[in-house]
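Chain nomenclature is as follows: A, B, C and D, assigned in order of appearance, with residue numbering initiated at 1 for each chain independently.
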């Protein structure tokens, strides 16, 4: 795969990774009263990263496929650890997503005055860490970046979080412990995989090498290892019994953390399940697929129903994101190229959507100091632009055509209805309940009679508009011209050898209901 | 004759050691300690380690014991005859110690494969031999030990001198 | 001839593109300037109308050739492994007819709104929505495949949502908008499933390709499966129209949708969007035809909706609600027409209904405008004298819907009833006939109560401005003469038909019966409400339960509300309870267990160094013993040996 | 300097060392006075030294060479050096603690719990 590409390596990805890091270092050495300057530098750093990843998105050669912009530096040769970067059709959308949301999240926290310096330093570390997981081509590096991510999140929730149903300390602790428990299981699976792959010498952590040595993994081993990864990545993607960190965590976290967490961090779970689970351990994936599918349905319907009963805006969106992740899980369980296409696109779509809606909720909370739905109402009178952003986010959430979410959902359903018809039908039923709770919050928060107590509120303007513009543009651009996104994802699915794996795996299951 | 000398001094060292840990007077303990050190020095001599024996006498018997006595003097409060009592868990301590000794003794006595020299060598152990080794093979540890001693000296001084309250 | 037209038809994409451009312009450029916004929007839709007329004339010139060989222009939209979707435009008589109807009604409504929406704060927003709606509806009409149709289908739903909730400060409007979206969403669930199953089976969503695949493989059980599969797919597809076109039991949103501005009701909830379902069934007719059971079902649902909605309409007092139930009833007509195989008649009725129902809604809007938002017909009276243009045009509408010749409704309704009778559905024919009677009755009731009779002194009505009356007049003309498209000799069905074209002679006997039914309805209404020969109140008093049930729309809304609030929300609350107390409770329980054990275990941290040392050494002794006396077992646990093979 | 026919073997020395070590251990476990504990520690170090020297003296070494033969003795020497440093610092700590707490009783030294 990578060997087919010209050697020498591209420094594009390290630059993308380095831009926010550099901004972080600059901020570290700035006086902490210069909050305006700090924000501008943070925005610049993330802007550079976003622009470069946009460049990568369009410069990626789709006809060639495979890992591109690769760079491999041996790091710990004895253990086979390489500082290997590279992106393909699966990870490049995630990288772009990270940077889009990272850039927007800076602006969503534009009014942050409390310990601004520390906040932006941690935020930039967080963005860098998430980015690193997606551009890593080496399992070790992947894991390293993943662990980096956990630290700033905990601190940010504890310091800048908000206490609602649960205290922010509880929320932060829950978030962190879930992430760490997940990563503990992952670590065991990772080491087991590493040892199994090194059975005949030549140890390696490289994804493609691990995948190429599938004949070394016995079926029982694959089942066990995939089980471990399912637990690890599953708790990250908020799979049904391990989902409860998600609403509490989002409710406790500050806006930017909610955006990044719901937008991209969660997607590491889905990405890892595809990249590491399905790709490296196909027999294990096949074995666990019915379980994943069943839990995914629980995700979709159970979380959607719970979202109906929520009073706090962030809880609604928190459960909604659990519900949407169910679709990604169904797609993974369906194990065919179409559905994997849909899964990756859905992660992208949901990331953009949830980041947009979380940023809007952040503004609502910032201005009205409440997120309690019964206390809100008629905000469209005073804040029409905010209402537009909120409605765009809501419409994307319920999968309205012309938003990228619709095509992703459609692709997922298309892929999964062949192999898992019953589960897919139940999942599609979820779109009704999604519509119900989404429209309810739109109606109850934005519409309704004018409330005089909000009359002094100012509409979002200036920098505050950036998340709306950036994310809204992406939602519609990718929704109206889906080939922009899907062409890339498809090249990732079909050229990475994943397709072959999937075809062999799903051969036996093809046939469907009728 | 060596056997007799060995047993005399070995028993002396052990008896003195038991005196250290059983005496209720801390000053007696300190003197028993010096005695025990001296007994061990003789054992060194029996093992051809003359230089070590000298160092043992100089450092342990000469310096350490005296320092301990000084420390006792500086910290002694109340009745000296009850200055070194046992705590409440001494029974457990005795049990574990005896257990450990039993295990070691069992291992030592049952192990037949010590790869002992067929005939013991007799030379070596002099100051000259040691110095050659210290200044060639163990050069760096030797220097490190020197640094350690210096640091320990300085540290001890600072600690013992203490920090003035109102500074 | 056909060749030259072909070039024209390639430009059909401009028709939806123009309103979309106007939407973008209004949203991003002219939103601050009210005059500019409406000008842009109206110019765009009028140009689109012009194009639609040009294309329509081209279709008429090309003749029936287009039915068999529609002009399709398409480009790839989505292309991934196992899923390839094109997007494009199809020009055939059916889409040409729809283009004309939609563009005409939309432009009329937009012009009308100049007067009706005068002074509204959301003027630019209104025209932006209108343009977006025109784009979506026209795009849907031109769809080449099911997914494209579904996309625009959902977009018109969005516009409907936005426009019903246009006055978002009204709680009733906001609830109605929500209800409309969710109810149609239930139907869309089925439609989406149907699309997925169809693609799964035939690997295409293209209408022509699907039709070909189905017809060539209809006998081949291995490919199509049983007819049962086709029936299931047809049922699922039909769920979409049930939601969108307000067929029982998903009809509940349409009457509530009247909370939107009246021109919106005229455009979306009478003339265009709600007939999208009929259009979809017509487009997918090859599927339905392959399954007699599905057709039966369609006919049954349609007929039931027709009579059911008509029966509610006779007991309503709100002018817009009467019209809304009338719309439901007429939609039922179209649907059962499709069900009984009167394909052309159904689409013919779709067209004529669009004219006269838009006309009546706009007329109602004119009345409401004049009476300052009064909507109860009993608050009106004697309006004809004060509002002659509105009154006259409204009367034409009433005559048209009642099926009085030579107005438009007569021709289409008659064809439907004749189709039902001749294709062997006597029960449905009877239901249709009775519905025609009811329709005539309640429409005349509305007209007599509101426009005739004594004036109400508290009202000071005045005729509406020209911007409102001109569309009324234009639509009235179409309502009056639109039915003549059926002449001579089934001209309409010559162009728009399914399968082989078989012209049938006009059955004047059947036509006479339906005319009699209509006139009977009008006569009854005249006797009750003008002559007051029988007191309306006395009828209501004699059948109090019937009246209450009808007035409360068979309590269906209440049942749904109960289901939503008690079952769905209740389930949500129960699950939430489970989530925080059981799922989360287990998690917190584990955490508590950890904390509890820590509380016990920390007692061991006495701070006594000697205790620590003792424990430590005890462990050392144990390990030492294990290593010393049990080495046989332990040498195999060498950690380096476990990593063996790594290096 | 040869003091006899060396009928005393390695095990005997090891037993002496073990005896001293266990006595020291008992002292560490059982004494209350912190200085007594330090003394017991010294006993343990001495016991270790005896082992070093004894192994050096009796065990087979593959290379009969002055550089390797005296390794045990050198180790013992280093132990003595470290022990000296340890006792110096340790006693300084004891004096400091005594100054602050007026006590040498380790039972009272439990400020680091929980």
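Simple rule for what comes next: a residue touches a chain if its C-beta (ideal position, glycine included) is under 8 Å from a C-beta of that chain, and two chains touch if they have at least 3 such contacts.
A quick map from chain label to UniProt name: A = NAD(P)H-quinone oxidoreductase chain 4 1; B = NADH-quinone oxidoreductase subunit J; C = NADH-quinone oxidoreductase subunit L; D = NADH-quinone oxidoreductase subunit K.
None of the values given here were measured: they were computed from a predicted structure.
Geometrically, the chain at the heart of the complex, using CA-atom means, is A.
We define each chain's centre as the mean of its Cα atoms; on that basis chain A and chain B are separated by 64 Å.
Averaged Cα coordinates give chain A a centre that lies 35 Å from the centre of chain C. Our note on geometry: chain B versus chain C, Cα centroid distance of 97 Å, whole angstroms. For the pair chain B and chain D, the distance between mean C-alpha positions equals 5 Å. Residue positions 610, 614, 617 of chain C are each in touch with at least two other chains. In chain D, the residues that touch at least two other chains are 25, 28-30, 106-107.
The multi-chain contact residues of chain A, meaning those touching 2 or more other chains, do not exist; every residue touches at most one other chain. A complete list of chain pairs in contact reads A-C, B-C, B-D, C-D.
Every residue of chain C that touches chain A in the complex is listed here, in rising order: 76-83, 147, 150-152, 154-155, 158, 161, 165, 168-171, 174-175, 177-178, 181-182, 185-186, 188-189, 192-193, 196-197, 199-201, 225, 229, 564, 568-569, 571-573, 575-576, 579-580, 583-584, 587, 591, 643, 645-647.
Taken in their complex, chain C has these residues touching chain D: 602, 605-610, 613-614, 617. Residues 78, 174, 177, 195, 198-201, 203, 241, 243-244, 248, 302, 305-310, 336-338, 341, 378, 380-381, 395, 398, 400-402, 406-407, 410-411, 413-415, 417-418, 424-425, 428-429, 431-433, 435-436, 439-440, 443, 446-450, 482-483, 486-487, 489-490, 493-494, 499, 512, 514 of chain A are the ones touching chain C in the complex.
Contact residues of chain D toward chain C in the complex are 25, 28-30, 37, 106-107, 109-114. Interface residues of chain B, counted against chain D in their complex, comprise 1-3, 5-7, 10, 13-14, 17-18, 20-21, 26, 29-30, 33, 36-37, 40, 43-52, 55-56, 59-60, 63-64, 67-68, 70-72, 74-75, 77, 83-87, 89-90, 92-94, 96-98, 100-101, 104-105, 108-109, 114-117, 120-122, 124-125, 129-130, 132-134, 136-138, 141, 145, 148-149, 151-153, 155-160, 162.
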